[in-house]
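Read from first to last, the chains carry the letters A, B and C; within each, the first residue is number 1.
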Amino acid sequence: MSRKLKDDVVLKVDDLSIVYQTNRGDVKATNDISFELEKGKAMALIGESGSGKTTVSLSLIRKLPKNAVVTKGQVLYQQRNGEVQDILKLSNNDLRKFRWQECAMVFQGAQNAFNPVLKISKHFEDTAYAHNWTDKKAIRERALNLLRLVRLDPERVYDSYPHELSGGMKQRTLLALSVLLNPQIVILDEPTTALDILTQRAIIDVLNEMQEKLNFSIIFISHDLSLAAEMADVVATVYAGEIVEIGDVNDMFYNPLHPYTYGLLTSVPTLDHTEDLLKSIPGSPPNLINPPTGCKFHPRCEFATDKCKTENPLLLADEGTHLAACWHPDKVLEARKETV
Amino acid sequence: MLQQILKLPLNILLFGWRIRGNRAGLIGWIGIVAYFILTFIMPMFVEFDDEPKLDEITGPLGSRIVLVVHKDDADIKTFEDLEGKTVGVVSQTGGPILIEPYADTLTVESYRWSSRRDGPGIQAALVDVANKEIDATLIFSKSIEEFIYNQEDAELKDLFEDNLVISNPEFGPPHILGTDTQGRDIATHIVHGGRVLILTAVIGGVISTGIALVLGSVSALLGGVVDNVATALTNLILAVPRFPLLVVLAGLIRFDNTLLLGVLIGLLGWPALMRAIRAQVLSLRERDFVEAAQSLGLSTNHIMFREILPNMISFVSINFIFSITFAMYEQIGLVVLGLAPISDYTWGVMLYFGRTRGTLFNPDGASMALSPVLAIALFQVCLVLFARALEEIFDPRLRSTA
Amino acid sequence: MASNTNNIETSQENNVLDTLYDLTQKITKNYTIRIFVQAFFTILAVMTFTFVLIRLMPGNPIDVLIEQILVQEGISYREAYDRVAASFQFDPDATIFDQYIEWLTDLFRFDLGNSITSPGTRVIDEIARFLPWTVFAVGTALLISFVLGIVLGMTMAYYRNSTLDHVLSLLASFMTGVPNYIWGLLIVIIIGIQWGLFDVGAMRGTYDSDVTPGFNSAFIISAIQHATLPIITYVVSTLGSWMLNMKSSTMSVLNEDYVNVAEARGLKDNRIITAYVGRNASLPLFTQLTISIGFVLGSGVVIEEIFVYWGLGHYLFQSITVRDYTSMQGVFLMLTMTVVLANVFADLTYGFLDPRVRISGEK
């Protein structure tokens, strides 16, 4: 695996395989995950709970739990100066410097993301100091600008304690904090879950504006397709620890090739679909200690054949950048034609 | 509900089995059972040693009476061997007591503890055995050191060393914990000294837990004025430091009965627990199953006894054990200060006498000072270990293994 | 709130009620003020409680004293009553309520009356002699114990389930299990008498008799020497519970999101341990601190007797022994006041450390 990345690629994940060691056996959380993230683009990782999408994102900043082992793969990151590092091999100190400055991760639910005994200003300063930026005035100025960008009253929020802010305000403050050090990548884990509709809208708008102004790459993790539709440039569906389909957002939504993606799309009502066209995906997520043979989706797939039960399909290019790991993408095409 | 309370001791015993995974708790539980046997069962078999013995003063651990005979009679070792023989015993020592049951199978030659003409009775008895005027004598092991090995009179020393032999170094029962400054066996004191103490502590614990339970639940369930008054009263009593208040009250009111003291301790000990119980009941009251019971129209009584209290058993049991430790603490504190009745010779009273007579700080009296101290300390520790283990069992978050 | 009525008087009344309402709202909302107000009322309540106790209890000192004087001197009841009244500083002809008011005003002027057994000495003077020593010993001990407990507790939480953790946990349980005066006795008996590491006799009192009090080093060293044993006893008996409480508190904090986020932000470990974990984990310990203060100060009665350390507890015990009722009463009140004030101090520190309480006024 080479370590040279194309100029416009900021992150390249190769064959990432992660295993959780538990009492009941090894849980194969991810299996040969590979993708590239281009500069300034937004990628959405869509999947059910337990599909492995959060595990992938945690591995990018190496915040995996203690019982997780990376059995294979590399995570290549290209700094602004062109230097390429494998995140998995960084020393503890380099990792600390990497975190937030190069890649920031905003966890799900900002309710408790702030230290209750410190002011918001202290949080910003702490973050800056840890990365060798000690100019208090400059920090404050940038922070206020960012708070303004996320549509908060800058002075008021900056001087308050976390408990004085509402949930939505905290979420936005966390977003502002995440780009304080101008990272190239921002990972957002379920940014709109557990928020009311109006706040969701506000967050999405804010994110769009931020990305425009500051030009960072985003990785979304979500199960919310509408979010992906609005914000992502690239969408990847993840099932049982593998990327089963990846491609341009339009391709994915209008021309899904994998039965799982198709299933996800048809289970969500849209403006022009009526109730009787809704189908949920039967069955339940697979056991990752003893995953199904062959294609992991085959027990729940309406198009499954014998081949699917024995051979695991690779992520194959159907056309250019739209890849699907399925032996029968044509069947998906047929099914769609019937419903349109 | 009443059944559950009555089954409590059985449950506590069964906990020993449940607790086996928690090492510290197991130790605590074994300790509590051991103490129960020590203080309630063993006194039935062990007699309280009330007899001052001048030769056994501050005898070391394991010291006991030995049998000294002439070296020609070295095979005389037991009471049976002594049948028909003449045995010398010295008054005011352990000898007369030991030999009393056998007084009609042998001849007893009595020596006075101090005889003006012949010197100490023990020495006179030893001389007589050496000179074959009597067949044997009973003497305390510590005295052997004093009168034979460290004998200053050279003549006597030769006499003893040439003629005397200790035919049975284990003639009398051993003083496991040695003897106190009056020559009385400490182990028997320890065995008898726990009963009243523990009973008083339990009474104090029961009363304070009971009051806290009733007041706390009623206050939480009824709310309003009742709640406000009860809380204000509780806060007032909490503000006053408990032990000094107890000290003042004990100083002013003379107590004749230790158990009554336990009642007083119980009457002062409920505030802290009352607050905790009130908080528990309040939080339980908001829970769904109570709301369901209320909407079914069930009475407050029913709600309290059938719905809320059973959920609090574990919490209350743990705090009950802690309240016993507090009651014990306060009780012994008062006794050590001399403000509590000292009619029963409990561990606390041993400490009190130790302090007032200075024996606590006597280098030779190590066992006498430490035995009650350790008895109290280990009992408290066992209770605490057990209670903490219960906490861990009932609150999984505290468990040490995830 | 204030409705516009036609009656001018009513509206004026309403204004007064309004301002009163606003005032109480302000008081209860401001944490600091609330703490002081609560303390004030508690002290008032305790004073009243003592007043009632002294008079109404069976075997109450007033009746006992009167009895005593009657027996000893055979004067009339009225004369005996007057004399006792003088000692207890109340006007024998006044009503109970007036007596109460006089009692309160005296207390607020720090006039605690005169000692009965040592006539001529004011109780407040005696208290002033003994109080500083108790505060010194207990304060130092609690400080050491608290800090050490926090550090060890955090260590135990970070190294959870290691051998160190198990050993320290067992040790902590053991240390709290043993009553504090038992620790005192053990220390004296084992370390002092048996091992002879220090001269027990020389440790009596609060400082050596040949040293002059004042800010000289000999005095300070001597004072510290004499206070060492009580301090060690207090520390050993309280350390265990701090350790265990801090351990469980730290364990919950380590599970909090903000610690996770702090690590993701690339903060240095030192910063996280102190400002993020340490500070939040030590907050719940302050409730424990208020309880501890009361308990340790109260237990001083026994411990000071064991170590012959002449502090307030010792004075209380002495006055009980000789039936010096006014001293007893004065010391008891003083002890309670000290506990209340120490708790005020602890509550204020908590307010300083936890902005959630300070700013919103609610807990």
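To be clear about the criterion, a contact is a pair of C-beta atoms (placed from the backbone, for glycine too) under 8 Å apart; a residue touches a chain by one contact, two chains touch by 3 or more.
The model shown is predicted, which means the values in this text are computed figures rather than measured ones.
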Centroid comparison with chain C (C-alpha atoms), farthest chain: A
Chain at the geometric heart of the assembly (C-alpha centres): C
Distance between chain centroids, defined by C-alpha means - chain A, chain B (Å): 66
Chain centre separation (chain A, chain C; CA means) in Å: 55
Chain B-chain C separation of Cα centroids, rounded to whole Å: 31
Of all residues in chain C, those that touch chain A in their complex: 256-258, 260-268, 271, 275-276, 279-280, 283, 353-356, 359-360
Residue numbers on chain C that touch chain B, as the complex places them: 42, 45-46, 49, 57-61, 64, 160-161, 165-166, 169-170, 173-174, 176-179, 181-182, 185-186, 188-190, 192-194, 200, 248, 251-252, 291, 294-295, 297-299, 301-302, 305-306, 313, 316-317, 320-321, 328, 332, 335-336, 339-340
Residues of chain B touching chain C in the complex: 24, 235-236, 238-245, 247-248, 251-254, 272, 325, 328-329, 332-333, 336-337, 339, 351, 355, 360-363, 366, 369-370, 373, 376-377, 380-385, 388, 397-398, 400-402
Contact footprint of chain C on chain A as seen in their complex: 61, 63, 96-101, 104-105, 107, 109, 111-119, 126-127, 130-131, 161, 163-164, 174, 177
